[in-house]
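In what follows, structures are represented as structure tokens.
Consider the two complexes below, in which chain A is the common component and chain B and chain C are the respective partners.
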Partner chain A sequence: MKPTPHARHAASRLFSRSIVPALTAVSALSLTATAGVAQDYDPTAAITIGSLYEPQNLDNTGGAGQGINEAFNGNVYEGLFVLTDDGDVAPKLVSDYTVSDDGLTYTFTLKDGITFHSGDPLTAADVKHSIERVTAENSASSRKSSLAIIDSIDAPDDATVVVTLKKPSISLPYNLSYVWIVNDAATDITASEDGTGPYTLQEWRRGSALAMVPFEGYWGDAPTNDGVMFQYFTDATAQNNALLTGAVDIITSVQSPDALSLFTDNPDFTVSEGASTTKELMAYNDRIEPFNNPTVRAALARAVDNEKLLGAIWGDYGTLIGSFVPPTDPWYVDLTGVNAYDPDSAKAMLAEAGYPDGFSFTLDTPDYDPHPIVAQFLQNELAKVGVDVSINIITANEWYTKIYKAHDFDATLQEHVNHRDIVFYGNPDFYWGYDNPEVTQLISGSESAATIDEQTAMLTEANKIIAEDAASMWLYLYPQIVVSTSNVTGYPLNGLNSQFFAADIKKAD
Partner chain B sequence: MLGYMMRRLVILLLSLFIAAIVLFVLLRLLPGDPAGALVGVGATPEQIAAAQAQIGSDQPLGVQFITYLGDLARFDLGKSFVSRASVLDEISTRLSVTLPLALTAFALALLIAVPMGILAAVKSDRWSGLVLSVISQIGIAVPVFWLGILLVYEFALNLRWLPSGGFPLRGYADPGRAIESMVLPVLTIAIVMSASLMRYVRASMLEVLNSDFIRTARALGDSYTGALIRHGIRNAAVPVVAVLGIELSTTFLGAVVVEQVFSLPGMGSMLLLGIQQRDYPNIQGVLLVTTLLVLLTGFLADIIQRLLDPRLRHEARR
Partner chain C sequence: MSTPVTTAPRRRRTNPIHWLGFVLVGVIVLAGLVSFVWTPYALSDMAGGRLEAPNWQHWAGTDRLGRDLFTQLMIGARIALVVGSGAVAIGAAIGITTGVLAAFATRFFDDALAALFDILIAFPTLLIAMLVVAAREEASLGTAILALGIGLSPVVGRVTRILTKRILSQDYITAARVSGTSWPAIVFWHILPNIAPFLGVNLALQFGLAVMAEASLSYLGLGAPPPNASWGRMLQEAQSTVYTAPWGAVLPGLALFTLVIGVNLLADGLRDRFDPTQRGA
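Showing the complex of A and B:
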């Protein structure tokens, strides 16, 4: 995948900050080393990672929260496939797979010589068990509905898994990247684990920290560190302080731009910005007047200066988006030019749509950052084209019952965090009620596409249509900011699906 | 005295029972379903129904209540909706942080407040007494979290003597780091608490110093210091002990703030998290245990008051 301007920028920033201590470490080592290869890092160093997302339990089908993906995906558990930090889907535990011509039968061949942390070998039965854990009735997995198209799973021999689908699903490998392969002998994994990943769980102290150490019998490359510890914080300030005092080496996501100034101009730290998938948007209730009129929605999109909003909230960080699709989704195209900021044409379009004097609506605004500030900004901008916004502050729980379930709203603000979630626009029953048969067709049809290219083409098309239709008002993409001490490198920048692969993290002396 | 203790114990248990009922009712009065919060945005109705069945929120309230009381009678606080871990187990782990924190801070506050308060009373007409009173006033005005941030700034960020927060993975099995991580939180609570305690000690002492029995003791030949120690402190202690009980109780609650500032895995952070996630068993458990601690503290304070002051004992006997 081609790097986005942002990713390149971040990479160069990361490089320029970290090269100096790394070089110093190399020269120091080569001067003192009498034999062996000089290394620019210390393989016996343990890495401490500060995070605000403590898992609630250790089972990702048991409502453990995003923290468990951060700690365990790719570290303790692996899937048949992996969603790489660049957004690609690559084989992990499978050596090979074939799809039948009708797209209904997937045959996976497992890699040889893989064992679980308990010592049991990985077999096809474990894979069957693991997928069924996700689709089980009491599973709270986010992938449960995407995998509901599975008709049956068979294990003809220990190394072969045959998955039969009710209808074709080109995204099956992608969806399987969310499925941990768990030893079928492990019954309850809410407080222990049995995966195949490069680390085994050492200890977890609820409310405090979770530590893991390299797994001796790992089938792949050994980690470049001697273990990682996730130290959990309930307060962002406390987390920043821990980094400042050297109690942690990395913090996984900076939530507020205010804190960044502590690190940006300090040579002891590296601030890197990756591409996030978290989109801030104003969702209209597309079912009701006047938002059922695409011209009105397009006019409102043109009335708001997103660049100014992003600058006010995040300064130099974050990305402008022209639709719901972030650069790490394969169907991304730059659509920022569609319905771009142009208040004059906004007024003309509102008049054309029959609202020469504007109109008024209520904006249901979740009570946590950044929504209240965004609401005020929108109120200001839309007033300039004669649209009167009244802000109604609601709690997350009210949002869930009033908007998500009852669809009882004019417009609302929300952050959508998922990767590849354009599919929501193909579901007319979703809370925002966008119903364009062409888009629904493209999105549902893309699952039956014969090739990835075809799927990508169809979803790119859908992406362009929702942008032209101004289905919602996409304000900006949150930045994904990771800050580390400058002697630590090799960590993932994008953190897709909240993953934080730790095995390549290196710490120089 | 024994009869009094028995009666007091019955009242304690009764209060705890009423608290349990009130907690249950208040939590259920909140709008929304905890199952919704549990499965989150994007859940299908079937997922929500499954979650409801799992945590039992699909049962009628009466059934839920009886189950809750039945479990309580067996000292079973249930399982967390979210983590599915035993509430009692989690509380005991977290109490191992909160109890030492609160008790050490309380002891330290006493060590500071009692001598300073007495000194402020004895020297009340000198400038040194005035200075002490002013210091205590300032201490009362300082919010706990602000003092915590200030201490972190100075001792963790500037001087790098102590960690800015967190608790070691191994807890007390890593004693050096565990103690290190408790120093600033303990200081934070102790400083603020000693300021208000000192004022009570001073006021109570002043009243006693001006009383007839001190004058009589002096007239009978006691030295000023002798009269102070033999009659003053014991008499002044009676009202102070009552206040101490209340102060210690507020420390358990104040730990919520301090644990947040220092990212300590105690009862306070468990309560906050439980409220965010609508984890009713965790909220109920923490509040019940806190209520029990507060009631026990009040009970102990009453007993100590009676031991100190024979007049109260006789009153009770009558």
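Showing the complex of A and C:
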């Protein structure tokens, strides 16, 4: 895609390149156009966001990791629906939709006048293409199985999409909020983009930064800033220092309470705590011995003092939830009492399961904080009940290929960021391979629920069962802390699904 | 050198700075040895508070999990020494063998090996070590030692080759050949004893490099996996708490500095003592 003059201007500023004189004149014009109204913020300011989650590629169906959702959801790509920062599902690219009485046919009407960044208009064919990208054979989208209930997608005219389901799905609009609407003419989605969002990708420098500039043909309200750049760090300390020295304006998640002491009680910075959906867990490979035995898993859960771990990692922040469901999901219940810390009963249960002398396993540990330190904590705790843990440090890339794709592991540590992701336990093909027909039934059945209350009741039940089954070892729920310089406002606080809507961010002079 | 050369060289007094080297290395070696029989706490003991400052119970403070840092420093000393010595032993075995072979080989093989050493030296030791670690399935203490040993070997090989060539050109080697001494005997009776002092200095310097490289590997998560304590990993783990608990990063850094500077001073002393070109300077 050829950058617009406006885009090139922002490029020179975002990356501190020398400004080509010929372009300066053009960009000065575009500046006067937007700076007509007096405001309490600077609409020409670019926002730099520090993040620890650089995407592996630019395609959210290609195993790009949470970083691509952070950078692109709602910014570069939009869905038919959007999951707002408050957790509501609201229409985005659809103006209206109807559901048939049997719940099997959804008819979506697209909004008028929406174009992709390449200039192509949004049509029903693009929507069909986009949904099929997620459900395709080779898609690595974590929501692929949630959309497997789609039987067919039709586009009777350019503004109408008809989705027919194999069985009713009450959360179809919610699940569609994960589906980027991509131009069906776009060829290379892993390294470039063609979405409908308020920003266009301007440059992605692998290992360093991803810059976006406002899309002038955007159908909705123009952004309140002149572009955002995600600056990627592999290390939280470097990220904190960047904020301290003014190299970045916002950091999307603070990784340790110790870093916060730099920013609290400092008038130059704003520290905000939102609701998190990020869960730290040790996932067993539930397919293999001995982890296919719920008694073994329950015993290990009882052997680990989660409260001490949370205190060690997060000090006074964070929450224990006893399961995979955070308080922002409608089916949350406090399950910290299930398989609570009790090393004596852990030993007894191991003996009962046929492992009186314990056993040993390898814990594949991503090489970034907090996983290595959490791994050592688990190693020490489990040693007390005779279970010998070998720690194998791996990179995020290895995690994706070895564990997520190949299921070649005993147990692993991971943080799961998604909202409403209990559905992973209803998918026996998910990397951890938890396969309990009752839970699968409840989770898939909840989709056919007639009312939201019924759906909530069924998923609450599933939540209780996985907790009793100790399907994985859920360690704690992260706190969600965003720190910015005090002249920056309008950013999302909760970051549900690690989304980070940038269009409303304002920077005062 | 304007000083007149005397026929009977006096034994020079050892420079006190070299004694400092001996003391610094001695402290670390002692800590490493004692760690086999005694440490203040068990490595897995998480009974301390979160990030305690150095105090009477925890002489070097505690980490986030409440583990005693002094214990980790002592065991880290052991790991540093084991990895350093192991890597130097492997580097020496590979390097000396290939170096001597190169010196004895035909012109063609000699040139080829010399070029190979030069090419390998062009890669940083750490990079070679990382490649070796990446080629192995899982990181372990053995892998780290092997990786660093292989990384060090081309330097040792090049020095050995040059030293051996110098000895081979001496008249007493010709004399030994004429009197019927076999090549293996020449290597073991004439060459190795004569190059040993020079090589020793070089290996001592390599030891310092290996210790640093081990810390770097561990820092990057490629070194010996936990529960082995490593100064490099202590540094890495202390990084996120460096503002609130600076001792967690300062102390392993200091330990690393002590060992490496000590080894370098010792190597310096060895060279003063054995290298005739330095004598009387």
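One rule holds for everything that comes next: the second predicted complex is superposed on the first by the 291 of 509 C-alpha atoms of A that agree within 3 Å, B and C clash if a C-alpha of one lies under 4 Å from a C-alpha of the other, contacts with A are read in each partner's own complex, and residues count from 1 in each chain.
Criterion: contacts are C-beta pairs under 8 Å (C-beta built on N, C-alpha and C of every residue); 3 or more make two chains touch, one makes a residue touch a chain.
In this text, all values refer to a predicted model and were calculated from it rather than measured experimentally.
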| item | value |
| --- | --- |
| First, second, both or neither for A:256, with chain B first and chain C second | second |
| First (chain B), second (chain C), both or neither touched by A:334 | neither |
| Which superposed partner A:235 touches (first chain B, second chain C, both, neither) | both |
| Partner chain in contact with A:344 - chain B first, chain C second, else both or neither | neither |
| Comparing the two partners chain B and chain C, which touches a greater set of residues in chain A | B |
| First, second, both or neither for A:438, with chain B first and chain C second | neither |
| Which superposed partner A:312 touches (first chain B, second chain C, both, neither) | second |
| Partner chain(s) touched by A:388 [first = chain B, second = chain C, both, neither] | neither |
| On chain A, the residue positions that both chain B and chain C contact, one per complex | 235, 237 |
| Chain B partner contacts - residues on chain A that touch it in the complex | 56-57, 62-63, 137-138, 140, 142, 144-145, 190-191, 203, 205-211, 229, 231-235, 237-239, 241-242, 244-245, 247, 397-398, 400-401, 404-405 |
| In the complex with chain C, residue positions of chain A that touch it | 235-237, 255-256, 258-259, 261-262, 308, 311-313, 315, 362, 367, 369, 372-373, 375-377, 379-380, 383, 390-393 |
| Chain B to chain A touching residues, read off their complex | 31-32, 36-44, 46-47, 50-51, 54, 80, 82-85, 90, 93-94, 149, 152, 156-157, 160, 163-171, 260-263, 265-266, 269-270, 272-273, 277-278 |
| Chain A-touching residues of chain C, taken from the complex the two chains share | 44, 46, 50-51, 64-66, 138-139, 220-222, 225-227, 233, 236-237, 239-245 |
